[in-house]
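The data blocks that follow each hold one structure.
Both complexes below contain chain A, partnered by chain B and then by chain C.
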Partner chain A sequence: MSASTLLQKFGWRRLSRLEIVQLVSLTIIAIVVVSPLIILVVASLKPDRFAILADMGSMRAFWVDDPTLNNYREILSFDGALPFGRYLVNSVFILLTTVTGGLLINSMAAFVLAWGQMRGRAVILSVLIALYIIPQESIVMPLLVLVNKLGMSDGFSAQILPWMASPIYIFLFYQFFKQVPKDIVEAARMDGASLFRIYWSIFVPLSLPVMATVTILLGIDMWNQYLWPMLVTQSDYARPISVAIAGFFGQDTVFWNTAMAASVLMMVPVLVFYLFFQKWFMNSFAGAVKG
Partner chain B sequence: MLKSGFLGKRLLIVAALAAATAATLPAEAKTKITMMHQGTADWVQTYKQVAAEFEAANPDYEVELIYAPHDSYNEKLGAAITAKQLPDIIELDAPFLANYAWSKYVVPISPYIDPAILADMTASNVAQGTYPIDNKLYAIGLADSSIVLYGNRKYLEQIGARIPTGVDDAWTREELEAVMAKLAKVDGVKWPLDLFRGYGIKSEWVTYAFSTVLQSMGCDLIDRKTWKATGTLDSEPCVKATKMLQDWAKAGMVVPQSAGTNQFYAAGNPAALAMGGHWFYAEAQKTMGDNIVVMPLPKFGDKAVSPNGTWIWAITSAAKNPEAAGKFLSYFLASKTLRDQARSQSAYPGLKSFAASSPLYAPGGAMAVAFDQADKTAVARPPHPAYPTITVAFMEAMDTIFNGGDPKKALNKAARKIDEEIEDNAGYPPFGTK
Partner chain C sequence: MSEMALPTTDKRTKLRIANREFRQELGMLMPALVLLAIFLVVPFLLSFWFSLTNERLVPRPVPASFIGLQNFQRVLSDPSFWNSLWNVIRFTLMVLPIQCGFALLTAVLINQKLPFRNLFRSLLFLPAISSMVIVCVIWSTLYQFPTGPLNSLLQGLTFGLAGPVDWLGDSAWSMPALVLLSAWQAYGFQMIVYLAGLQNISPELYDAAKIDGANAWQRFWHITMPGLKQTHVFVILITTIQAFKLFTQVNILTQGGPDGRTDTVVHYMIHSGFVEQKVGYASAVSIILFVIVLAVSLVQRRLMRDAS
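Our next item is the complex of A and B:
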């Protein structure tokens, strides 16, 4: 039996040259993208930082002789020397609270701007859009002074409240709400529905795609936040995992073993979430790029 | 009767209010001490423990620790300064002390520290904490730092190299280059020397390590009397020193930046020598055991020079009760808990009593030569408020030079950048006038 007959028997076909080039290229790209993740996971299973350093830069970085979960055991406590359980819970709490509050506040603001009856809505919208170009870093100092004066530092509120509302998310909701036919709003008004009732019963259910986009974008933002929580947290109490991981990188010592284990722990929730909601992720980024 | 009854009621109300107020206030307010620090998780845990021990021994005091990861510490400290919320005690990197002292963020520390601890400081520790304008001590540390030359014993014995035992018989530049040339031909040696370029081009390591080569060859980052870099940093000895480093890199004699920082002890030991910090010993020893030789830094020019300086502690001008801050710092530096942690990390001693109880650095210890070197050859990085600019300018110059750029031009550019920064600040008076 010739090779081509064998391929046909299994329903395969000969690949064209272009397809072979594409396949090889994609395989190489996949290896390049996945390699650091493999090294990360493998390193997190090595017994100590010395073993990781000795293997770094060679093919041994991809292999572990005696895998151990000790690094995970060391960091997965709630009140030990490295309370990563606590940091992880802190991060999840900050993310969930900010995203939930963010969805409500941004959508409500957008609804009022789109369908409210107050004067000056167009001006407010223009100012909001203008605010979008101000980078976060430039408002950090005044915000820090404000947070300290309000006695909110080293707590959760300082990490949640400043980031709930955002011009970009208000604008995303606004764009969507503006497309809802006027007749629907008029009909609801004639039925005696209040503005809040119209928002809650009609617009919220309609805006699930935007809600998903904002959840994903704001969620990723919050999960990866570093500068702000680093500035406002002082103790373990409200420290998120992103800041805590930096604690493994010292002046002249890097605890690669625990840093790698903590990085895996920080990555896992995002990966799991991504695998389940892949389609939403794609749509969110496509939507955000298109505006 | 009516009047006295009315008065009685009022007195009763006042008494009740006073009692209620007293009940809501603590019997005696505690003295609060705030301390900002960096460090890895093990150090953070140690600081917490020392603070708890201090509070147990001094029930009238309360210590609040403010933490920032090492790589973001300066941002956090800068934010605290801008927000006018400096804590009582801060940790700072020694070469940046002059900047903080000139800006009046920190105060002379001697009046607040236990005299026994002050007397216990090594000369190098005093040097790293002293502000040159008033020659007063502004910061103190349990530890200090240095760089030594690590060698692979097997390789060195194979080529029959002379192994120096102390600062006085350190290799000269010629000896080092001859050894490197021989090592390059040994089986298994890919690079004769690791200069730890793998720490990166924007790492303080660049200034910490390579400024000693410049100083050994007769120049410096800046003239320490006139505080001008032009004419010093771009002088002939500095050009010669950096050209030497460039030639080594060009000839493939030193580990490239992309190869990381583990080539001395990685499988097969591709690097034969390593000009590394004291902290590198623990990493290398874990893998190489007795195959490491610890040697003093080579005498590249007329004199031997080694670096010093690490993270040290200062009391800020914002401290309302500097005596309390000094009391805690004195307790902190003498603490057994802190010293045990420092010893476990091979910390380089900055206090004589700590050195005596650190077998690694005591006479006969594997790193004794490093401790001996600090006493005889340590030179602090320039104690000037413009140091943040000096170090960045030098890092940029070294990056250009290692990548094949003209050393004279690169150093001249760095020198001009430093001088411009100093001129922009009117010379940072009284620097340049004293």
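Our next item is the complex of A and C:
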């Protein structure tokens, strides 16, 4: 059996010359794009920052002779100089509470706007859509003053409560709920089901796709937040891992070994989710566009 | 019929049910509305009020007082502000073609029915899910002076004639260096948007063009590009708005330097409001930023309508 027929057996067809050019370019592009991430992981396994910097200029940046987990051991603690265990737990806690709360309150509000009977729903909806235009960056300074006045600074609530409710997610849920046939809602109403009951036992199970989208978008957003937690955390108590990693910079010497290990630590949870829910990730980002 | 019997009680029950329903709806709606009111609407309104006062981050014994439009006058007559705005425009003009062009290129490639296309798509999307903070850690080592990978590559390709360059520390190269790492981090999102746009173009158009003897390049220019008109407008808009909010990379890697060459509007705002604690002044900057973002969105909405 020749090589080409063997390949065909595995679902390959004969590629045209154009397709071969495309495949080769795609391979090169993918290698170039991914290589910084590979360098990061490899560097985090090197013994110290001198080894990292010495290897950076050559192909040795992609290779480590005797990998060590010492860098990780140095940062994975809950106290001391580099309590990245604590920062990681902080980030996870902030993400989980914001996403759980966000899913609940945004979908509830969207449900009332879509199927409730109170007057003024249309007005509320258009105000929400208008609010969507306000960028986070342009409210952070007054928000900081407000949070300080409310006595919330340097805590978890200041990082969670402001981002739970969001016009864009309410709107995503609203769009989805609106597509549900009217008959379903009417039938449930005739049976005497309360509005919350209709929401909880009919709409919540139906809306798992939107729930997934909101979880991914809000989750990524919370995990990667930098500006706001930087402004609002002064101590290790509630500091998330993003702000902690930025702390490696702006010192006389940057300890690349621990900085690299901390970066990998921050990347791993996202990667794990990404591996399992890839399709959902892509659809969420593309879907948010249409919304 | 039941409506004949005891009409008054019936009305009352109906009213009670309506009342209960109303309270329930309110209960479901309020958590979101209250949070949005406290943490979005109030700060937004406060920024207008603060911008007219000399409010400080840490309150002084003397309460803040109304100073009219002085903050706006000072912002608009500060050369550093105009410098930061100009830098953001420079950044936008550089990042737009690089990021969107690369996103389009990769989207077109993974839209072909090539082997391993799903694997390629997953790999190419990886930077988009990486936090900007991590990206800064990686790229600042790539940019190391004088022995980082980019400098070795540069010297290797030019046989030692060019470089080494202090990418982040050189006033000519610091902004392009930020552009490159930002484009690398963010292009995946635009790639997905383009991919969705490409999948909306009917394959029959391509088949017909092939029969007419159009080559790949002609098919791209005469079918793909016009078919993506609306996607282009959208992608350019979100990239522009993102670019105007440029902050994290600057804050971590250059602090606006060297010589203010990478200072941005948001960085300028945070510096005056957080470091210098002049919240009133920073609020004036934030309102100017808001007006710019609003203007860009309105222009885009017009263009979108024209494109469709």
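In the analysis below, the second predicted complex is superposed on the first by the 274 of 291 C-alpha atoms of A that agree within 3 Å, B and C clash if a C-alpha of one lies under 4 Å from a C-alpha of the other, contacts with A are read in each partner's own complex, and residues count from 1 in each chain.
To be clear about the criterion, contacts are C-beta pairs under 8 Å (C-beta built on N, C-alpha and C of every residue); 3 or more make two chains touch, one makes a residue touch a chain.
All values derive from a computational prediction rather than experimental measurement.
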Overlay on chain A: chain C relative to chain B, clash or fit: clash
Touched partner set for A:Ala30, first chain B, second chain C, both or neither: second
Chain B versus chain C as contact partner of A:Gly57, first or second or both or neither: both
Chain B versus chain C as contact partner of A:Ile170, first or second or both or neither: second
Contacts of A:Tyr274 with chain B and chain C, given as first, second, both or neither: second
Touched partner set for A:Met118, first chain B, second chain C, both or neither: second
Touching partner for A:Ile184 - first (chain B), second (chain C), both, neither: neither
Contacts of A:Met108 with chain B and chain C, given as first, second, both or neither: second
A:Ile220 touches, of chain B and chain C: first, second, both or neither? second
Residue contacts on chain A - larger count, chain B or chain C: C
First (chain B), second (chain C), both or neither touched by A:Asp252: first
Offending stretch of chain B which, after superposing on A, collides with chain C (from 23-31, 41-49, 77-85 or 329-337): 77-85
Residues of chain A at both interfaces, chain B in one complex, chain C in the other: 53-54, 56-58, 140-141, 144-145, 148, 226-227, 230-231, 243, 246, 248-250
List of chain B residues in touch with chain A within their complex: 38-45, 64-72, 75-76, 79, 82-83, 85, 145, 259-263, 265-267, 277, 279, 283, 286-287, 310-311, 345
Chain A to chain C touching residues, read off their complex: 11-12, 15, 18-19, 22-23, 25-26, 29-30, 33-34, 36-37, 39-40, 43, 52-54, 56-58, 61, 104-106, 108-109, 111-113, 116-118, 124, 128, 131, 133-135, 137-146, 148, 161-167, 170, 194-196, 199, 220, 223-224, 226-227, 230-231, 242-243, 245-246, 248-250, 254, 256, 259-260, 263, 266-267, 270-271, 274, 278, 281-282, 285-286, 289-290
Contact set on chain C toward chain A in their complex: 18, 20-22, 24-29, 31-33, 35-36, 38-44, 46-47, 50, 55, 57, 105-106, 109-110, 112, 114-115, 120-134, 136-142, 144, 147-149, 151-152, 184, 189, 192-193, 195-196, 216, 234, 241, 245, 247-248, 251-253, 255, 266, 269-270, 273-274, 279, 282-283, 286-287, 289-290, 293-294, 297
Sites on chain A touched by chain B in the complex: 50, 53-58, 60, 81-82, 140-141, 144-145, 148, 226-227, 230-231, 233-235, 243, 246-253, 255, 258
